[in-house]
Each structure stands twice: as C-alpha cells, then as structure tokens.
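Take a look at the structures below.
There are two complexes below, and they share chain A, which is joined by chain B in the first and by chain C in the second.
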Partner chain A sequence: MKARTTTVGGGGSSWLRIETVLVVMLVVLLVVFGRYGRNFWTAENFFEVIRLTVEIGLIAMVMTPVVLSGGIDLSVGSLLGLCGVVFGKLWRDVGMTPLAAAAGAIGVGALGGCLNGLLITRLRLPPLIVTLGSYSLFRGLAEAMTGGVDNFTGFPRDFLFLGQGYWFGFLPAQVPIFLGVSMGVWVLVHRTTMGRALRVIGYGREGAIYAGLPVDRHFLVLYTLAGLVVGCSSMIYVAHVGQAKADAGTGYELLAVTAVVLGGTSIFGGRGSVQGTFLGLMVLAVLKNGMTLSDLPSELVGIVTGLLLLTVLTGEVLMKRIGKVGREGEG
Partner chain B sequence: MRGFRREWGLAVVLGLFLAYLAVRAPGFFQGRQLLALATATAPVLVAAVGVSLVIICRQIDISAGSQFALCSVVLGMAAQRGVGAVGPVGVAVGVGALTGAVYGGLVAGVGLPSIVVTLATMVTWREALRWWREGEFVRDLPERFQWFGLEQTSGQWMVVILGLVVLVTGWVYATYFSGGRFIYAVGSDPEAARLAGIRPRRVTFWVFVAMGGMVGLAAFLNAVRFTDVDPKTGTGLEMQAIAAAVVGGVAVAGGRGNLLWVFVGVILLASIGPALVFLKLPPQWERAIQGGIILLAVASDRLVRGRAGVRERRER
Partner chain C sequence: MIRWVGGLGMLGLGAGLGGCAKPTDKASDTAGGGGGGGREVTVALMPKSKGNAYFISCRKGADEAAKELGVKILWDGPTEPDPAKQNEIVETWVTRGVDVIAVAAENRAGISTALRKARTKGIKVVTWDSDAEPDARDFLVNQATPEGIGRTLVEEASKAMGGSGEYAIITASLTAANMNEWQKHIELTRVAKFPALKMVALRPCDDLKDKAFNEATALLNAYPNLKLILAICSPAVPGASEAVKQSGRKDVRVVGLGLPNDNKRYVKEGITPSVILWNTADLGYLTVHAAHALATGTLKAGATKYRAGRLGELEVQGDNILLGQPFVFTKENIDRFDF
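Our next item is the complex of A and B:
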C-alpha cells in the first residue's frame, strides 16, 4: 500500500525536500505573525516559544528514531504522567530528596520503555499494539497510584528552577537540556551504526535480519532510551507546571508523532531525519504561539495543524507521482 | 481452523471472570444493572465492529472518538430542529459515512497512510467542535428523541438489540458474502487480491465509508440515552474500539479477525469497570487492568502460536 521510492539513507534528491518546504513555511509564519501578532518578534517571546516546546520536543526527538525504524510509541504521554506521579510519590510520601526522586522516576521511565522493548522483541509483537496496551497500562497505573484525584505540589525552589528558571537571566533552564538531547539523538540517528541499522530495519525488517543486524538488541535499546527521555521530559514538565498529576501529558504521543511526520519522516520507516523533526516542531510551536498572540481562537491551532499535516503529505505524494517515479504494487 | 485456540482462551478467561463475579458479587448479575451495562456498551460495540473491519483491511482508524463526537453534535442539532424519529439516524450515519469517505479518499485515492490521516482528522474534528460549540451542550432535545420516545426499559432493549443487529449483520457480511471476503483478501495481501481481480482501493474506500456509518450509528445509539449532547463525548472511544478488536484476536497486520470474538473482547473490557465496583475494589484500577489485558491477550497470542517461523508482516 505504499510506494517505497527513495534509497536507504537518502532523503530524496530533488531540491523540493520536505526540509526546504518547512523552512519556507517557517519564514512565512514568522513574517506573518511578526506583522499581526502583539510582541511576537521579541527575544522574550522567542525563548517562551522554545520553553513551551521542550516537553513535547524531547519526546518528538526520541520518537524520530522509533518511527524511522518502522515502529511507533503511543505510550509516551501516559508514561510521562506515570513518571510524574512516581516522582511525586517518592518525594512526598517516601521522603526522598528531589534529585533522588527524579532519578527514580526517570528509572521508571526507562523501565517502562524497556517493557515495551521486551514485548516487541521477545514476543515479536507490532509496536503499535504493544504501546497501545502500555498506553492504557501506564495511565492506569498513574491513576491507580493517585486514586485519580491526588496531585503533588509544593516542590522546592531549586527543583522548580528546572522548568521555570533562567540561566544568565534570559535562557530558560530547560533549553540546554533540550539542545543536548537533540544533539544526542541527531548523532545517534545520523552518525552511528545503530542509527544506520535502525534506518535499514525501518526500510525492510526482513532484509535487516538476513543481513545479520541485531534487530532485537537495537529495538530493546531504542525503546528503553525512549522511556528514559520521556522520564526526563516528565521531570521538566512537573517543574514547569509545578504539579504532578495522573493526567499529565495526555495527547502528547499524537503531537510528537505529528511533529515527526510533518518533519518528513515516513510513518512506515526507513526515511527521515532529526533536523526535519526539529523543523516540524518549530512550525507547530510558532503556529501555536503566533496564533495566540494574534488573538485567534486557540482551537484554530489544532485545526490548522491537522490540515497542515494532510496538505504537506498529500503534496509530497503528488510530487512523487508527477516525478516519473514508478509506483510499486497498488500505490 | 488452525489458530483459533487463543480466542477460546479468551472465552475461558471471560467465563472464569464471570463465574468469579457470580460467587463474589452476585449483584453484578441483577437484570437492571446488566441491561444498563449492555446499553452503555452497545455504542462501543457498534464502533468496534466498524474499526475491526478497517483493521482487517490492513488500515487503522484512531479518530473514531472525534468522529463520534462530530456525529453526536450534528445529530443533536438535527433532532432539535425536529426531523422526525428516523431523521436523526440518517443524519448521524450520513455525517459518519461522509467523514469515512474523506478518509477513504485520502487513503485509497491519494495513498496516504491511514494512521496519519486519522491522526490529523482526530485533532481537526475535535478542535473544530470546540471552536463551533465552545463546549456548549446541545440541549432541549425533543421528548420523543430520548429512548426513541419509548419507555426507558424498552428503549434500553432497543439500543441493545440494534447493537446486536449491527454485529450480526457485519459478521454475516464479512463471513459469507463475497464483498466481505474481499476485505480479508485485501487486508491479507493487497497485491495478491489485485491479481485475483479484486480492486483493493475500491474495497478500502468502502470499508472506510462503512466504518464511518457505523460510528455515526454508534453516536445515535449513545445519544438516545441522554437528554442532551456533550460535545466532548466519545473521548477515548478509538482506543476502546481498537483494544476490543485486538483482544478479540483481530490481527493488526490485517487479513485476520472474527467479529464475534471482537464481541467477546468488548464484553470483557466493558465489564471490568462495573465489576470493580461490585467487588468493592478501587475503580481507578480499571484502566491499568484493561491495559494489562490487552498486553496479555496479544502476548498469549504469540506464545500459543509459537515464535519460530512466523512470517513478519510488520506493517500497521
């Protein structure tokens, strides 16, 4: 049902790559909102946009290699909620220091991701199904631990700094973390053998197996890593909002996948880039922020995001058809 | 048929679960409570039938909840205007089928992956509703709308019966009619189906239209239970429907699944919440238990079938 046309590793040879489209779109958005938005074009707002993007951004970054390998992780939003609740429990009820509690919560994140990875590799189950199950499981555990109503607040100042503070008076505290993780994921995807292997697996799993790639080991590491990053994202979320609740991160999995797909990564795997995801993320963030500052109703953001996703993909498919590319199978 | 053992396992699990309930919490089996549970579950069943067909056809719909809300609101508005007793059904099914046709066009016509299409529309419908209604309920539905203008008990029976009719019709069509077998053929291998003279794109398109219609009907069966329509209704329905399909043994790789077992999956997942209440266990465990059941169901599937030599159809 799909046309596999590009070569492994390449992102299409024409100048009309998705990255170009996204950069143009971003520039247009910046100009338009600079004209109509109040205080859009200010340094404070610039950092605010980035600050609000970090939680989703971290998840989208680590979702990129997952989608690239032909998988998907629907459990990230639920896991974010669970990690937050675990953090709150460890800190308030067990009496750990925030640092130890955060380490514990991030550990739970990695454990959750590892569970996904084990089910996917040991039992050869499709990631969509496994993470659909853990989507319910993680959220359910978070609800069960809090009785559905309990929430945790009143965290110490130096923990809240992680989500609300500024370095040197202007740089939001979470931005260096985001940049660090992004660089890490970029190196993983584009500069390591594991990244290359994931791409090959996404392009054709059978072939990867026959080529002797350790598919299972890569998957296990990948999903564990995803859980780990979700744990970090959860800590930033809790510090940013100032409370930990069971329903934190609802719908994040879809926003993250949207950013990844908008950034040109094929949902079937094998093709995509981390910088694409970054651009997709920026388009979504600027759109949301600019529309708010232009006094447009917030619901429009969702509508436009959805339509944007469909338009970009349709355009991509049509461009490919026009460009003499043979269609495989039924197309 | 080889490979139906796991589904029997599901039946055994459900049987044991119900037997345990019968001993520990006989209150669960009171007629009124069962009828109320069945009435509340009928819409989920109808939506699950539609979504299962889509999954059997090797596609997926993760927007069923938003579609459901859209149909519910339009249906409520129509009922307010008073288009008779049959009118609202037509409106709901029509709106649903129309959204299904949009999906079908984008998936079968343009060639976009269904998971992306429905990911986008899920957000779009939901936000469009928020923009349009601003969270406001559709109120003042006519008297004769609720429970079809019948008494509550007969109305409840009506909802349950309609739900079962959809299930049986869908099952008979999918099992005994050529059009239904085409769905399995396309889901199993679109290229082979094409070579056999089936038109995979056409089949895919109509499966989406049928699914949309069923989600619309589900919205109707849900709406008649109340006196007003909440524009936020149906949140999480897509996951309930997919979960029921998966627990009922529908293969996400497409081409395999039996709607009658999906029915068993719906019953099992729907009974957990009320059962927890009757067993005096904390009800907030419902989601965690449901998630555990989904994972156990798919895991047991693979364990029973054995891991060696399983052909990998990794597509979603």
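Our next item is the complex of A and C:
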C-alpha cells in the first residue's frame, strides 16, 4: 500500500477506487431501469444512449486532461455555439461546401482554444478566470454574428448523416468518432509524457516548473486541443439537431465538468482518469435515458444527478478517510 | 486500462443480454400497435416548454380528454424552449415505444428529423400549436387558421391605433412555424386592408416574458412615434404591457395573443385594449382526442370532418384539424374566463 499515489494509474488500492463505485452504480441503474423502463434493455437503446451523449461526451473527454492539469474550461459550451454559427455562415452565406465549412468551424474551435491557452500562459491568469471571460466572449460573438436570432437550417442530407445516420443500419454515425476521440484522449493522458506532465502540473504547478517541465507549451497544446474537440462536437450537434443557433451548447460546460468530477477526477488536479470520465458519462446518460423510458419527467434528472454527484463525492472522501485510497485532496 | 475494459465489457454484456431480454413484464405498448381491443393508448405529449402558462392551460384539456378516453399521457418537454432537448426526448420516446407523439415544435426543421424517425417505426405523429414539416407528421391540430389569427390581430391592432401609425411585432422565436405563419398573414392582411399601418420592427423574445419586457423597452426608446406593440406570443403580452406601463408612455398600446389571466390587469388599465386567443384547454383536449383517433384508426388521412367528443364536429382542411375561430378578450368579457 503506497503512502502516496503517483501518476499513471491513478494509484490506490484496487477495490475501493472510484471506477469500481461507478461500475457498481451503472449496474444498479441498468438493473433498475431494466425493470421499470420500457425497451430499456435493447441493443437499439444501448446505442441510442451513447448516441445522445456524444456531444457532451466529447467535451467531457477532453475536459478530463484540462481538469487533471488543475485547470478548467468554462468556455466550451459557448464555443460550441460559436462553431455552429460559423459553420452555418460559411455554408449558407459564403457558399462553402459542408465539408469546407465544417473544417472552418473546427478551425475556429481550435483558435478559440488557442486563445484560452495564450491568455492562460502569457497573462498568467487562472484558467477559471480566463475561460469565464471567453465563455462570454464566444457566446457574444455567436450572438453578434446572428443578431441573436438568426439560425441556419436546411443542411444537405449527407451532412446530416453525421448526426442522424446509422452505419449498417444500427451503428450511429457519431459513435465511432466518439470512441475514437475517447481512445485518443485516454492515450494522451495515460500513455504519453504530456499526459504525465499534465498530471504533475495539476498536482503541483510550481514543482512542475522547477522540475523543468514545459508547462506553458503543454497548456497551449491542451487548450487548443480542447477547442478542436469542441469544434468537432459542434459539427455533430448541428448535424444531430439540424440547426445551428447561437445559444447551442448552453450549460454544456457544467455537464461536462459534472461527468469529469463524477468520474473521480479531482477538481484540484493531479488525480483522475479518462476511464472514470467515460464511466461517469455513461452513468449520467443511462440515468437520463432510463428515467425517460420509465415515464419520469425530465426535470427529475437534474435532482437525481445532483444527489448522485454528492453521494459519489462523499463516498470518495469517506474512502480516503479510511486511508486506503490515494493522497489527500489539496497538494 | 483494466477498468475501462471492465466497464465496456459490462455495457456490452448489458446490451447483449438486452438484445435477448424482453422489455419488462408490462403489456407490450410498443409502437405501431394500432389500438383496438381495449389496449390502453399511450400518447406522448410535448409542449414547447413546460414552464409556459399557455401550455399548462392546454394540459388541463389534455388531461380531461385522457380521462374521458382512457388514454395514458406522457407529458414531458424542456422547462424552457430548447430544440435540442425536444429532439432528445422525442428520440427516447421512439425507443420506448408509444402509440402517438404529439409535439408543439420549437424548431420546425430540427424536430422533423426526430418525428420522421418516429413515423418509420409506426408511431403516429401529430403536431399541435406549432407545426413541423408536413411529411414529418400525420396531422396538425391547429387552433385557428393562420389567416384568421393574422386577420384578427391586425383588425384589433388597427382599432387600437386609430387606423394608422407605426407598430412593432414581438414574436417568440424565428424558428417556430406558427409564429412565421402568423407573421405572414399579418403582413398579407395589413397590405390588403390596412395599408396605413406601418411595421417598424420585429423582435423575438424566445417565448420569455422577461426578454419581451426588455425588447419592448428597447422598442419604446428606439421608436418615439410607436403607437402599438403587437405581441404574438403569450409571454410577450404581459411583458410588453409592463414595459409600456413602466415607461409611462400613455400613447402606446399593446395587442396580442395571450391568456386572459396574465393580462386582466393591463386590459382593465387600458394598456391592452384586447387580447386574442382561443380556448387553450380545448386545444389540448382536441390534440389528445385526435391522437387517440389516429391510433385507433378512427381518423385517417383524407378526412374532411372529425368529431371530437364534446367539441362536436370539426373541420379538417387537408391535414389541418381546426379548432375554430380566434376569440377576442376585452375589458367587457375578460372576467368571465379563468385561465
């Protein structure tokens, strides 16, 4: 039993880890909704659950290394809206093909992320403050571009396939993308030096600097990457809903952080895992889906999510007190 | 890594078992089962937003019809207008399997995708209050013809303005089909019969009273000669009236589509000379009735008339089931109503 965890695996005793708790919770939800939800335990629903969670899921996945590094990105929801609006404008008003317009929109996403990264590294401002500012900035830009009201619809069928189509009749088009990005983020966080560096930076930023880690470069790459992924998610969102509007993605940043924290990543940084986020996402998605299939009104989902989050976090603290898991919260 | 494989494996196992498992012990309410034989019809009913008083009043009529017909109603939707959430709930309903989905669509194009998917699974689809694309639904339950609504609005506006002058429109959103239809007919009627009226602005308020208040205040500041605000969504009428009241501009009136209870105060004070609507509970009642009839095969495409319980025989124009004519609430009659 280690006195203090280190990095790659997330450390601690194998039985009482947060992922175990989440898996158990997931199984419980699956059983409960299997009993009370209509058509819950079908292959079709299984794919729908993942499909409907892809947009927030992509953001949550890339948010994991961000939170792991001790930062946060509150601007992701607004950036989603902005990218969607840019896409709409490029396609409808500039006349680009959907592919080119999407590339442009994703590029804008990366630029937005890069802006965050630059402000964080050059101005030495906390990510919370910077992304709070860009949260308003991006949303404002989106609303200015549309006069607050314009929205873009009528996209060609080929583009809409991205959000509404099914490969071979059953695999939703966005699911392979989601799984691919998730694997990519997992590799980044758990198998690359950058991932390890981010964890160390989250654990103790000053120490990382003195250890000679290129903190600024990592942050710049990280936040730009986050923006890029948000851009991709935005394209899937627009294809799924069939419209691009400035207020798209409102509240997504908090949902993403909820999934990340539920998955066991500490909000202070330094501790967490990508698979935890994935499990957290699945728990939230199954919860929402199961409740609707059980004919429960959608506003209850918020209450249950909140209770779930508090339960899991309390459980985590209790486990630490028992002394078997990881390090104490603050550095 | 192990954990992830374990987690995915768990889900895979769940899906595999689910593929073989029967969906619970309940009597199969899956889609496409065309009624008949005493099986309970399930109607999934969705407003534009659950928090809107207009839709809450529609629900009362819906519940009445449900009790009368023995229909099970699933009432769900976003608390504030949100096209993405509407789609998500509709898609989950498709998985659940219902007999009919009845939606007041916030975004015409967006919701149509989900509705078309529902139809391919054999679920009947009606829209009410605000339409989707015609090939995405079987019928539209329309509260009144767009011509009737547009015409009544302009007539009342002209009365309030003394026949000429500048007016501005506050609408809900630029994507809701009903709003666009009504605006079209407002303009057509205006051009044909009331050319002395001039529209100077069109602002959306996202079906939110507070936003309507802000928009109205901005309009009052921007257009000093404004004589009337035409608020064509129910939260906007009291919002705009309050803005007019607080601005102290005695020469500006508000006319619009709204609920009597929301506007009694302003009607009595003279700010809002008339409020136009229809019986919202009847709209909810008719929607559920029509949905049930669709599910049991009583109502089919091509019908020209439809008998809807206590509403009697109603006209069906093409694929529009019409509730009736708009009703004008004024100082004289508004106290007779409580919704």
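FYI, the second predicted complex is superposed on the first by the 311 of 331 C-alpha atoms of A that agree within 3 Å, B and C clash if a C-alpha of one lies under 4 Å from a C-alpha of the other, contacts with A are read in each partner's own complex, and residues count from 1 in each chain.
By our rule, a contact is a pair of C-beta atoms (placed from the backbone, for glycine too) under 8 Å apart; a residue touches a chain by one contact, two chains touch by 3 or more.
This is a predicted model, so every value here is computed, not measured.
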> Which partner does A:Q275 contact after superposing on A: first (chain B), second (chain C), both, neither?
Replying inline: second
> What is the contact status of A:T153 with respect to chain B (first) and chain C (second): first, second, both, or neither?
Replying inline: second
> Which partner does A:T121 contact after superposing on A: first (chain B), second (chain C), both, neither?
Replying inline: neither
>> If we overlay the two complexes on their shared chain A, which of chain B and chain C does A:L141 touch? Say first, second, both or neither.
In response: first
>> Applying the document's definition of touch, where does A:Q243 land relative to chain B and chain C: first, second, both, or neither?
In response: second
> Which positions of chain A sit in both the chain B and the chain C interface?
Replying inline: 148, 297, 299
> Any idea which chain B residues touch chain A in the complex?
Replying inline: 58, 60, 106, 110-113, 115-117, 119-124, 126-128, 130-131, 190-191, 194, 200-201, 239, 242-243, 246, 252-253, 282, 284-292, 294-295, 298-299, 302-303, 307, 310, 312, 314-316
> Any idea which chain A residues touch chain C in the complex?
Replying inline: 17, 19-20, 22-23, 26-27, 30, 34-46, 48, 52, 148-151, 153-154, 160, 164, 186, 190, 237, 240-243, 245, 248, 273-276, 278-279, 282, 289, 292-293, 295, 297-299
> If you look only at chain C, which of its residues touch chain A in the complex?
Replying inline: 1, 3-4, 6-7, 10-11, 14-19, 21, 23-24, 26, 29-30, 50, 74-79, 83-85, 87-89, 91-93, 95-97, 107, 109-110, 112-113, 117, 173-175, 204
>> Applying the document's contact rule, which stretches of chain A touch chain B when the two form their complex?
In response: 1-3, 70, 72, 119, 123-126, 128-130, 132-141, 143-144, 146-148, 205-206, 254, 257-258, 261, 267-268, 297, 299-303, 305-307, 309-310, 313-314, 317-318, 329-331
